[in-house]
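Right, I'll just put the structure down here and ask away after.
First chain written, first letter: the chains are A, B, C, D and E, and each begins at residue 1.
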Amino acid sequence: MTARALKTAGMVERHAPLAMAGLILFLPLILIDPGTWLVLAIAGLAMGMMIFLMASGLTLVFGLMDVLNFAHGAFVAVGAYLATGLLSPGGPFAGLMGVSLLGDVGAMLLAILVACAAAGVLGLVFERVIVRRVYGAHLRQILITVGGLIVAEQLITVIWGADPIPLPKPETLRGSIFIGDIAVERYRLVACALGLVAYLGMHFALNRTRIGLLVRAGVENREMVEALGYRVRRLFVGVFVAGTALAAAGGVMWALYQEIVTVHIGADVMILVFIVVIIGGLGSVGGCFLGALLVGLTANFMGYLAPTLALGSNILLMVAVLLWRPRGLYPATKN
Amino acid sequence: MLNWIISGDRPRSRILAAVLIIILLGLLLAPFVFPGTRSLAVAARICVLIVLVASYDILLGYTGIVSFAHTMFFGIGAYGVAIALNALGPSWGAVGLGTVAGVAVSIAAAAVIGLLSLRVRAIFFSMITLAVASFFLILASQLSFITGGEDGMSFRVPRMLTPAFKLFEDEIFGQRFNGRLVAYYLVFISSLVLFLFMLRVVNSPFGRVLQAIRENDFRAEALGNRVVLYRTAASCLVAALAALAGVLNALWLRYTGPDATLSFAIMLDILLMVVIGGMGTLYGAVIGVVILSLAQFYLQDLMGAASSALAGIPVLPELIAADRWMLWLGILFVLSVYFFPTGIVGKLRER
Amino acid sequence: MSERSMPERAGAAGARDGGVGDAAQAGALLTLAGVHTHIAQYHILQGVDLVVPRGGLAMLLGRNGAGKTTTLRTIMGLWHASQGRITFDGRDITAAETPDLAKGGIAYVPEDMGIFSSLTVRENMLLAARSGPMDDRRLAWIFDLFPALEKFWNWPAGNLSGGQKQMLAIARAIVEPRALLIVDEPSKGLAPAIIGHLIEAFRELKATDTTILMVEQNFSMATALGDTVAVMDDGRVVHAGSMHELAHDGDLQRRLLGLSLDSHQ
Amino acid sequence: MTLSSAAETAGAVPALETRDLTVRFGGHVAVNGVGCRFTRGTLTAIVGPNGAGKTTYFNLISGQLRATAGSVLLDGHDLSSHGAAGRTRRGIGRAFQLTNLFPNLTVRENIRLAVQARRGRGFDIFSMAAHGRHLIQRADAILEQVRLGVRADDVVATLPHGDQRKLEVAILIALEPRIFMFDEPTAGMSVDEVPVILDLIHGIKSDPANTVLLVEHKMDVVHSLADRIIVLHNGYLVADGDPKEVVASPIVQEAYLGMGASTHV
Amino acid sequence: ADPIKIALISGKTGPLEAYAKQTHTGLMMGLEYATQGTMEIDGRKIEVIEKDTQLKPEIARAVLAEAYGDDEVDLAIGPTSSGDALAMLPVAQEYEKILLVEPAVADSITGDKWNRYIFRTGRNSSQDAISNAVALGKPGVKIATLAQDYAFGRDGVAAFRDALASTGAEIAHEEYVPRDTTDFTAPAQRIFDAMDKVEGDKVLFVIWAGASTPFAKLAAMEPERRGIKIATGGNILPAMAAYKALPGMEGATYYYYDIPKNPVNDWLVTEHQTRFNSPPDFFTAGGMSAGIAAVEAIRKAGSTETEALITAMEGMSFMSPKGEMTFRKEDHQALQEMYHFRIKVDENVAWGIPELVRVIGIDDMDVPIRNQR
């Protein structure tokens, strides 16, 4: 009896956010004609996937290690700039591109891999030099990572210059596929696929291995985890590196979407990313995923139905979610 | 007597005491010791920021609340007088009305935010303030017919505060006694009084409860203190102080705009100043403000000089070119958090 | 300072005279020799000498603030000794890092229990079972000892009662066999019946060749379990000997522990 | 043994009463319909196995938790609309089982804050806290009472466990409540310190205006202090009455003390 | 003789760093060109003092006051952003010294916030809007606008609407979106819905400030399937990379290095190419115009006295990379030609190339005077 009650409570707990997502997805059908609705919905979901790619690294680091990395945006920018080097005409992967869809996507994936590796190394340095001393102290994290962000942005300017750098999408990823009268941008489909892969990968790593548990335990009581025989330091470095690599992957994708790269390309999306992470419930990858989709959808439907409100739609969504669930959709930790 | 004025909050370090006295004298005599428009502007900005940053420290260092909405209140104060002066013309009445309105709106806003959201976990509260602040920033730029939008608003202040107003006809000690001087001393004295007031607040029974809440809010509640009420009261108090700082800033600059009062960059500056100086000590705020303001205003010049001195060496001049002053500020940021976890004041007191 | 170091040595010498004997010394699993520990500017341990015989249960007793917890943390590598030598199983571990010590076979139940409150009971246990899936037989034994853990298996550990947390902390340390078990005040907050179980459990553990070093305030539990005993005061071991001897010497108890007859029945 | 105790026969309004108090966490009922009256001038010990709901019962009375059902009455007035802070100000004071202090403030400041809260001076922003002489004197007096005077200027985080327990008790005294609730005050305290705390509690109890509730696992402590014992088990109140009778009852012997376990205590 | 001191005040650090760099290069080249490389006027050396506003208006004010008050410059040039500029205007008045605005575009600088010490070589928003109206407006054309939802966007659309009135074209729909919008699906759908309801030549005119532009994203939705052409003004070269997605797009621009044919521009393009291995851009041309204007003004006035300069500059014409410019007497705005272009795509060029359709002469544009003297 009690067991069943518990189970039902848990089910409601788990599925209410999904129900809410469904509501946000389908409710606008009342007001919008189905063709337009479909365009908006697909575009919104794809946008959400791209945001998720950028936010996933943050939520990983934020949620597991309780580190507020304001410099996350810098790694997004690094990914973006690396993409300009790798994918521009004349870049190393340019040869692959412009021939077939396979070649273009291949080049893009290669660029993502390279960017991830490079950003991972940077993340390692960043963790060593900057984050290491501030585990457990939110405020100092904010400050030191903001400092890191400034330094990183300035170094980017020194290396790549202050001018925005254009980055055209590969030929075959441009334009839309038409299903009847409904346009679906090709690039967004690719983004969707990649976002899904990243989500599943993280889901597996966190739920099928001990890493997630260990990191969470390490944040709560580092000494005890060490006393159980684990090297918390290495673990944290690893997670942080993974977070920066994901940021860079998001950066490559975002740069190709924007088709122009500026120093602030990462910092500009950070508020949005933070909102997604908060809505999701700090550190829950699933929550972050759902949050990103919700943000994407809300922005599109609001933008269509009431453009004047679109401006604050993300913030409104966040406040609404927090009023409903003060700790986000899927709080990763219970306290 | 002195002990009463500083509310018994001694610097507890010789060096710190000396530095504070130098800063006080420097600001008091700034118009005479450091002639020139820029240095007066720097001095006035330091005065305003001391109020702003110290009030933020009450929230952050003493109460343990991380809010990103502090500049919002700063802006409300500034826009308050700006709008009043624009609408009613440059009179002291308008200044008074604008101040009262700005402070009242700030307190009301802080109370609403506090009562609604100070119950949630600290980090969520910060994010909510971040969101509210960016919403307010959007609002200020959208309501351009009142606020001047992105471009902000220039306005005229009472004649007594403008260069046209002459106290004496001649220069004395090489200084023109005009309205700018009056304006400076208005800013200076108001800031000093507000700072001493804050010193009293943090050393009062109220201030001690705030520290207790920062340490362990659950226990503070169990002692019989209504934590949400205290936190909200603290937010309201510092909101009012920030608004007053905004008023001073507006009167001095005769301009206000989103970038000058509301931007996230200022918020970060404030944070950095608190932390570099040393959280949870108001003297730290003073030190942080002075160091960072001087850096912001003069680092660039210094680097320009250094860079041209090093011309010819590869890469290095590029890194210390004047335009890269932000790079060094960022490094300063990181190093200070790294090496002064308790801030400069904490470091000084350790010895 | 130099004057103060004299009785230290005397104490150490006394320890040997106290009957543990050189045989135990030779069969020692863990030895502390002249260990000093500083925390920030405070000099907490001022030359601790301690011998934990292999396969036995060594009790560490002493007043509040005597330095017992600090001694355990120093062994565990959570503080580092500024002077002196700690050997474990013949190896010098004075400067070893905590994770290596844990891997080397030392389990630790800290004074504050060190529960991961955001993790479930199961997850807490899972992390302690480092070498793989948990052994069902051992788990059954643990559930038998602490039935509450089975009941709350999938609950966040933060919601457990004080005593249940203590049970979890102990269970975590014994989920896999370890060479040495270091336990800081295990009986604290436990109901009498559970303490009874606990005593049985430690006896069983001893029988499986696990060496135990335990800090305890509950004197009856200490006497029921201890083979050897060391008493600390002011950052030093002031008495070392067999538990049997201390348990039957009221004078010694009064002198070392401030125990008087009316405070424990 | 009936649920109504002898103490109730006085007929006057009890100092504290719980009616049908219940709290449910998900499907688990931690406190289940507990009704009980506590009379001025008496000390009631609450015993029960780990996880029986003792701390939760305290949490419900002092307002740290909201009841799912039932009510708490102080001098006949329902407290349901008051939170923890309000209840403390109305005279319900409690010390926590797991130490709960202001770790980075000094010992004296910890107490001073409690004294200040008691005097309701918290919203004064114009005077200097350091000038509140009588508050500080009062704080120092209490520190002497619990023998913590020498550590007054130390930061709490550096105190050994036992001293932190004493501070926990000292804060409760500083709050000058009419209802005193102690949750295992002597856990982790060394044997020689225990009598100090017992004397203190004894002193509190002897003031006829005070009502004392005590959770304790050490039966010797319970015996030396309690006028009455109530037993919680699985959230239910299962026994209530004179200490000797209750302890002798089979349910306590079995479920709580464990058969034959009393020899260990 | 005393040197002539000119302050260049720009947002050197911050998001507009790239623009400030261009202005700086242009200014120095302009001074060089106008003095035939001597950097002297009438035997007086020109000294340029650079100051950074950090894009913070309060700093902008402080550094301008410092330039006038402490460095005693003869005139100041700048700043990069309109926000900085509007904050700086009263300072010029207070110190009674000239501020030559370049390249901040807000109408109100030479409009209701203007004072007599303010001149501007840069184009204002109205000029942008009007030239585009001239380029696009024909009878029967139905236009939807897409702009950022703040003063710059709304003013731009308003000016555009006014200018369109005389051309016979009309605005069918106005769409405003948040400044930092990155996803244009929803606004595009709204525009499509609105334009589906009207008949005629359909154009979507975009007014957009900032590096990240909506064009490629709009193009991906293939508005031409609904008979809608996209149009917009010019931009800096990196931003025009996005125009590659829109071959054939028309609009009017302020400057593109290949368009103006005159000796000044020829010199600028050649020199820039040799020195920096890249063509000059939008703000380089602006900086050069300002440099030339300053030199010409001082020459003409024969002194650096403010009053003499004002007299000399009012109505003054001078050559710039964009041909002849004239400071209008009424509001000191430099009137200048603009260029109607059509985008051509060349695989070997990183951006969409604006090819000249026709020069929109000064007389083709009726730029309203909005200040009160």
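FYI, a residue touches a chain if its C-beta (ideal position, glycine included) is under 8 Å from a C-beta of that chain, and two chains touch if they have at least 3 such contacts.
Everything numeric here is computed off the predicted structure, so don't read it as measured data.
Visitor: Using the touch definition from the top, what's the fewest steps needed to get from subunit B to subunit C?
Guide: Shortest path length, in steps: 2.
Visitor: In the chain contact graph, what is the shortest path length, in steps, from subunit C to subunit E?
Guide: Minimum step count, subunit C to subunit E: 2.
Visitor: Among the chains here, which has the CA centroid at the largest distance from subunit D's centroid?
Guide: Here the answer is chain E, farthest from subunit D.
Visitor: Farthest from subunit C by Cα centre, which chain is it? Let me know.
Guide: Using the mean of the C-alpha atoms as each chain's centre, the farthest one from subunit C is E.
Visitor: Can you compute the centre-to-centre distance for subunit C and subunit D, using the mean CA position of each chain? Integer Å is fine.
Guide: Between these chains, centre-to-centre, one finds 30 Å.
Visitor: Indicate the whole-number Å distance between the mean C-alpha point of subunit A and the mean C-alpha point of subunit C.
Guide: About 46 Å, centre to centre.
Visitor: Round to the nearest whole Å and give the separation of the Cα centres of subunit B and subunit D.
Guide: Centres of subunit B and subunit D (C-alpha means) sit 46 Å apart.
Visitor: Taking each chain's centre as the mean position of its Cα atoms, how many Å separate subunit D from subunit E?
Guide: Each chain reduced to its C-alpha mean, subunit D and subunit E end up 75 Å apart.
Visitor: Two-or-more-chain contact residues of subunit A, please, as numbers and ranges.
Guide: Correct list: 157, 311.
Visitor: Indicate the residues of subunit D shared as contacts by at least two other chains.
Guide: Correct list: empty.
Visitor: Residue numbers in subunit E touching 2 or more other chains?
Guide: In subunit E, residues 17, 149, 178 touch at least two other chains, as defined above.
Visitor: Can you check the complex and tell me which residues of subunit B touch subunit E?
Guide: 36-38, 41-42, 45, 138, 141-142, 144, 148-152, 154, 163, 249, 253-255, 257-260, 263, 265, 296-297, 300, 322-323, 325-326
Visitor: For a test of understanding, state which residues of subunit B touch subunit A in their complex under the given definition.
Guide: 60, 66, 117, 119-124, 127-128, 130-132, 134-135, 138, 142, 268, 271-272, 275, 279, 318-319, 324, 326-327, 329-334, 337-338, 341
Visitor: Tell me, which parts of subunit B touch subunit D in their complex?
Guide: It is residues 7-8, 200-201, 203-209, 211-212, 215-216, 218-227, 230, 233, 237 of subunit B that touch subunit D.
Visitor: Considering only the defined contacts, which subunit E positions touch subunit B in the complex?
Guide: 12-13, 17, 50, 52, 54-58, 61-63, 65-66, 68-70, 82-83, 86-87, 89-90, 94, 106, 108, 113, 149-152, 178
Visitor: Subunit A touches which residues of subunit E in the complex?
Guide: Listed in rising order, the residues of subunit E that touch subunit A are 15, 17-18, 21, 149, 175-178, 180-183, 185-187, 189-190, 193, 211-213, 216-217, 219-222, 236, 238-239, 241-242, 244-245, 350-351.
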